[in-house]
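Got a structure for you, written out below as structure tokens; questions coming shortly.
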Amino acid sequence: MSKAIIEIKQVWKEYGDHVVLEKLNLNVQAGEFISIVGASGCGKTSLLNMLLGTEKQSRGSILLDGKPMPQEPNATRGIVFQKYSAFPHLNALENVMLGGEFASSPLLGKVFGNERKKLREQALEMLTAVGLADAALRYPSELSGGMQQRLAIAQALIKEPRILLLDEPFGALDPGIRKDMHKLIRELWKKRGLTVFMITHDLSEGFSLGSRVWVLDKPRIDPHQPERFGAQVVYDIDINSEHKLSNSIQSLIEKQQAAKVAV
Amino acid sequence: ETKSKFRLAWTIYVGWMPWDYGDASGIVKKWADKYDIDIEIVQVNDYVESINQYTAGGFDATVMTNMDALTIPAASGVDSTALIIGDFSNGNDGVVLKGAKKLADIKGQNVNLVELSVSHYLLARALETVSLSERDVRVVNTSDADLVAAFTTDDVTSVTTWNPLLSEITAMPNTTKVFDSSMIPGEIIDLLVVNTKTLADNPKLGKALTGAWYEIMQTMQGSDAEAIKARSIMAEASGTDLEGYDAQLASTKMFYSAKDAVEFNNSAALMSTMGKVAEFSFEHGLLGEGAADAKFIGIETPSGIYGDKGNIKLRFNPAYMQMAIDEKL
Amino acid sequence: MRLMNSKPSRGMRLALNLLPFVILLIIYTLASDARLLENPSDKLLPSWSSFADAVQRMAFEPSKRTGEYLLWVDSAASLQRLLLGVGISAFIGLIVGVVSGMLPLFRATFSPLVTAISLIPPMAILPILFIVFGLGELSKVMLIIIGICPILIRDLQLRTQSLPKEQLLKAQTLGANSWQIMIRVVLPQVLPPLVSAVRLTLGSAWLFLIAGEAIAATEGLGYRIFLIRRYLAMDVILPYVLWIAVLAFLMDTILRLISKRAFPWYHGRGADAHE
Amino acid sequence: MRLMNSKPSRGMRLALNLLPFVILLIIYTLASDARLLENPSDKLLPSWSSFADAVQRMAFEPSKRTGEYLLWVDSAASLQRLLLGVGISAFIGLIVGVVSGMLPLFRATFSPLVTAISLIPPMAILPILFIVFGLGELSKVMLIIIGICPILIRDLQLRTQSLPKEQLLKAQTLGANSWQIMIRVVLPQVLPPLVSAVRLTLGSAWLFLIAGEAIAATEGLGYRIFLIRRYLAMDVILPYVLWIAVLAFLMDTILRLISKRAFPWYHGRGADAHE
Amino acid sequence: MSKAIIEIKQVWKEYGDHVVLEKLNLNVQAGEFISIVGASGCGKTSLLNMLLGTEKQSRGSILLDGKPMPQEPNATRGIVFQKYSAFPHLNALENVMLGGEFASSPLLGKVFGNERKKLREQALEMLTAVGLADAALRYPSELSGGMQQRLAIAQALIKEPRILLLDEPFGALDPGIRKDMHKLIRELWKKRGLTVFMITHDLSEGFSLGSRVWVLDKPRIDPHQPERFGAQVVYDIDINSEHKLSNSIQSLIEKQQAAKVAV
């Protein structure tokens, strides 16, 4: 078995007295597509934030390539949020070029002349890959929700990050458009050998896209002090090898989930 | 029309503080009661505003200088009478230079003053004495409240102003008072001005005010305990102390007795002074656009009429002060 | 039909728009006529012909004393001060606001100070201003700056802080450092709010300008109004006040148009109507 | 670590908060000492003991002339004017703003007039104001009202217009008429923005108050500052200015707390932080 | 056949030159549940607005019980929007009581004493019916998206409208929560004999809930002047009688729809 790209060792996350995540022990290989599902507020975003580097685990350690995770976001980890992902003051093309400009021009963050031409071509290529070639000169506010998410993905991928983090990337989209986005993200993942972490509220989305699904939940609950215990990964399902098993678990979870929501 | 309620406006100035004392001590009320009328004494912070209000009809009587009486109410067609001549400035207004020692050095300087006020007039008269004209300096309009602060800055090198600002400024190091109103005595006169028509319809108002004024004059004069107390109150109201207020009085020729005031009123000098003031005002456009020359507005004095007899708007009428002398009040 | 649902037609709306102004004009004319009948040299409510004369005199005839066309000299002086004051304030507001919004260390140091300054009415510290900055143009411009800069700084800081956190994170994952994020992500995005904030503070800027000119000046719109007040020349004051309103309106309109032109992404149909 | 990501600890932040104030105090003390050494009767930068004397005199000793404690008399007078002016403005702003926002016919008639009025700097029409409203309390309160009312009206109108159309439709499907919608749906919802708008205009209100008191008053904080300005009595002026800042801060804080208490639904965790 | 509750006769809707809807001829019986589907911008909301009375048809006539449709919203037609439906300054209970208060107190729009108690009880009953009894005293901002929509429905139903208009009522909800809402709305519709019009972007939602589905689309398109022709009801599917047929049509539409969206 190859060395894991990410190792999560005995990680706890607490906000003051409130234990959000407890005792996580997980290894992720390069090229995995991990779907993270779980009830609202169970700590999915907190986990992603630790992988992004904007929050620090309270205990334990998270390793990237065997070294401690950098405590700040950087270009190794791309991210796509549910919204606000693209910069509204730049058109689609400029949004995608921005990453390159940051790298080439430390002072102005802006390049000109030949270098610009090159960046432009790369960006156009990327926009074509996500199906936005025709909308290159439009501002985000002129794009539909789905197109904005494509743009956000293109923007993240142009830096060729090894890890892509997605926090409910399709949560705000209509079902029809979601399906197209699924196709897109699956293609990009396969073609570029990315390691993807995707949070979703839609179980079927999680199962159909992921190569592995983490289900976050609290195994123990103290009804008087619900904040005493944190969530753990209660199911860690490898889709490829256990497809049969997962199906049955899925229906199980769905029922559980539905029961919770009805409250 | 006859009425029984009147409003008098006063502003803070050494020669007008007695009105505040008269209000606080009840002297004004006493005299008003005597004539069975009501007189409200109102303090206004802003001098020009008080005259504007008078001109617009908001007050029946207001304190002002002879020049402003001509250029504001009279020029606006409001027929006004100088009921009481309280004092004239005798060093209370002055031209101050920083560094330089003599008036002629003012040439080419910026002079900060309240434009179109008696300070402006004083400056013009001062310049005449050294054969300069207003073209030889640059007048910068500066609000009186900020003149003292302004003078502490480097870009202000000369000011023309009145007390108490004048004494604040001359107290600063490296300053020289190069000209003051004692060199043109009797030209800057402080008056109580009453609307002529109101006065004609309500002689009681004139009597009550004149009576009250000379009782106040009597009280504040000298160094007995009551006078000291009166002047202390006036001092505090004008934001200074007894010592400071007495210093200001020293450079003011107060007419404590009605006799002196009437004498001054009847002198020929008054008419020639008003002529100078009218000419200055005309040159500066203060008599309004309709004025063809300085004599556009008629000014009536006991020694004769200056200007247009058909358009008399300012009257120096000693009748009520005379009653005070005759003890007919 | 409910009153809230009944909308005037186009022509009707125009008529309603004008109605109060027409009524005001009529009232003025009647009041002015009545006063002038009583005292023909009354200056309080001049007749329309006096206004015309005054405008003619101030705008189109050289002054007897200086040979200048006063209205234009005054306007030029005031506008220069105003533009300088507002321009410098906008610049400082942008820089300090953005830096303060982005950098917690800077914010902790300067934000309370700015708040404290914004609480002090500039009018109350006029003498201090004069002493520190002198009586020249500087003090008038400084009065405007002290009056509106704290407002602009606080607004821009707030705008910067309320940029979606996601954007700043995204920029970091694209490899940007703080400086690059500031000039490529934050600055351009707070420019349109800056223009709006400037438009909102223009009213105050005029106020401070007039207050400053009233205290010490040799020309300017505020100077003239307060000087002329000495002889109650309403025939000049009222046209000057109207002229100031017109200038204020023009400046506001120009800023609005500039913003629309320069920041299509902000005013675009997608982003819901930032007026 | 990027500068934008480094946040001061709690203690550190407090220290940074205080830093500029401490520096200012030190600078003042040095400058004052230097000036007083040169000229012991200098009034520009009084020593700390002169300040203490002045405060003692103004706040805790009866005035010789009237037997009043001047600071408190001034504060009471100013606060009364301010509260009256702001209160009346808020009331008018609320009513006219809501009606104008809800009823297109009303809006068409009055909105252009309000815009026109808001363009005129009240300072420019001060002379006119005093002539129209006299020199009593009324004119000072009116100055505040004329200064801030148009702003409040326009803000409230905007807030009313920007209520989701859906809400008004929903209310209609619940059988409400225009009046019921106004008092049960619109009014309560624009109260919190009204409080915010009032907080924002408080600064201007103080300005107008001080300007008004400078011209016509016999007591009040602005009056006192202008009265003693003639004598450059910085030992009184500076404490007065600080006191005004403290009062302004208290009023702002009280309004903020009232709003938090009275409108939990507006400040609740769900609705994202309207500060 | 009973008299139709709503008759739409030769109705056109135009905005200036832009023809949105053309030549609609439809009759609706009391108690029908009509799902309206169609591409974005095809005129679904415009149609609903005409039924609500906030917009007037350009030509033709719309009759309610044989009489012209009132030109203003009123209590006969309840509505639930995608969002902003509840009043944020009132708690759930007050939100539901509001309709009753409007009716009983023309002047204050507020009732007190016994009358208030009665209204309160009715409102609580309604809140219980939509499963919000426990959240009665919470403000809308303290409710989740699904709970807010339940509240909006409760608020509309308390006025016992004969017609209920829903404009993408569940569009902003997560899939799990959507399912609960479907159950709720189906129950309420059956129990109260409502006539329901529901716009949805989710075809399966439209088909599973509706007793009748209207598919809006432009039958003709002029590629140079796309605004020349308006949309019509191209399919009018009665779910109960033609369930078999509809299934096949559904898959057909889905494909069509997907193709469009992909652009």
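We just call them A, B, C, D and E in the order they show up, numbering each chain from 1.
Definition applied: a residue touches a chain if its C-beta (ideal position, glycine included) is under 8 Å from a C-beta of that chain, and two chains touch if they have at least 3 such contacts.
The shown structure was predicted, so the numbers you read here are calculated from the model rather than taken from an experiment.
Of all chains in the assembly, those touching subunit A and also subunit B are C, D. By number of C-beta pairs in contact, D-E leads when D-E and A-D are compared. Computed from the mean C-alpha positions, the centre of subunit B lies at a distance of 39 Å from the centre of subunit C. For this pair, subunit C with subunit E, the centres built from the Cα atoms lie 48 Å apart.
Inter-chain spacing, taken between the CA centroids of subunit B and subunit E, is 81 Å. Residues of subunit D found to touch two or more other chains are 2, 44, 127, 131, 172, 177, 214, 229, 232.
Annotation for subunit B: residues touching 2 or more other chains are 52, 56, 145-146, 148-149, 152.
Shared interface positions of subunit A, i.e. residues touching 2 or more other chains, are given as 72. Considering their complex, residues 71-72 of subunit E touch subunit C. Partner subunit C is touched in their complex by these residues of subunit B: 48, 52, 55-56, 71-72, 75-78, 112, 115-117, 138-143, 145-146, 148-150, 152-156, 284-286, 288-290. Partner subunit B is touched in their complex by these residues of subunit D: 39, 41, 44, 63-66, 127, 130-131, 134-135, 213-218, 223, 226-233. Residues 2-4, 6-8, 12-13, 16-17, 19-21, 44, 102-105, 108-113, 116, 118-125, 127-128, 131, 151, 168, 172, 177-178, 181, 203-204, 206-207, 210-211, 214, 221-222, 225, 229, 232, 234, 237, 240-241, 244-245, 248-249, 252 of subunit D are the ones that touch subunit C when the two sit in their complex. Residue ranges of subunit C in contact with subunit A, taken from their complex: 164, 166-167, 169-177, 179-180, 183-185, 188-189, 263-266, 268-271.
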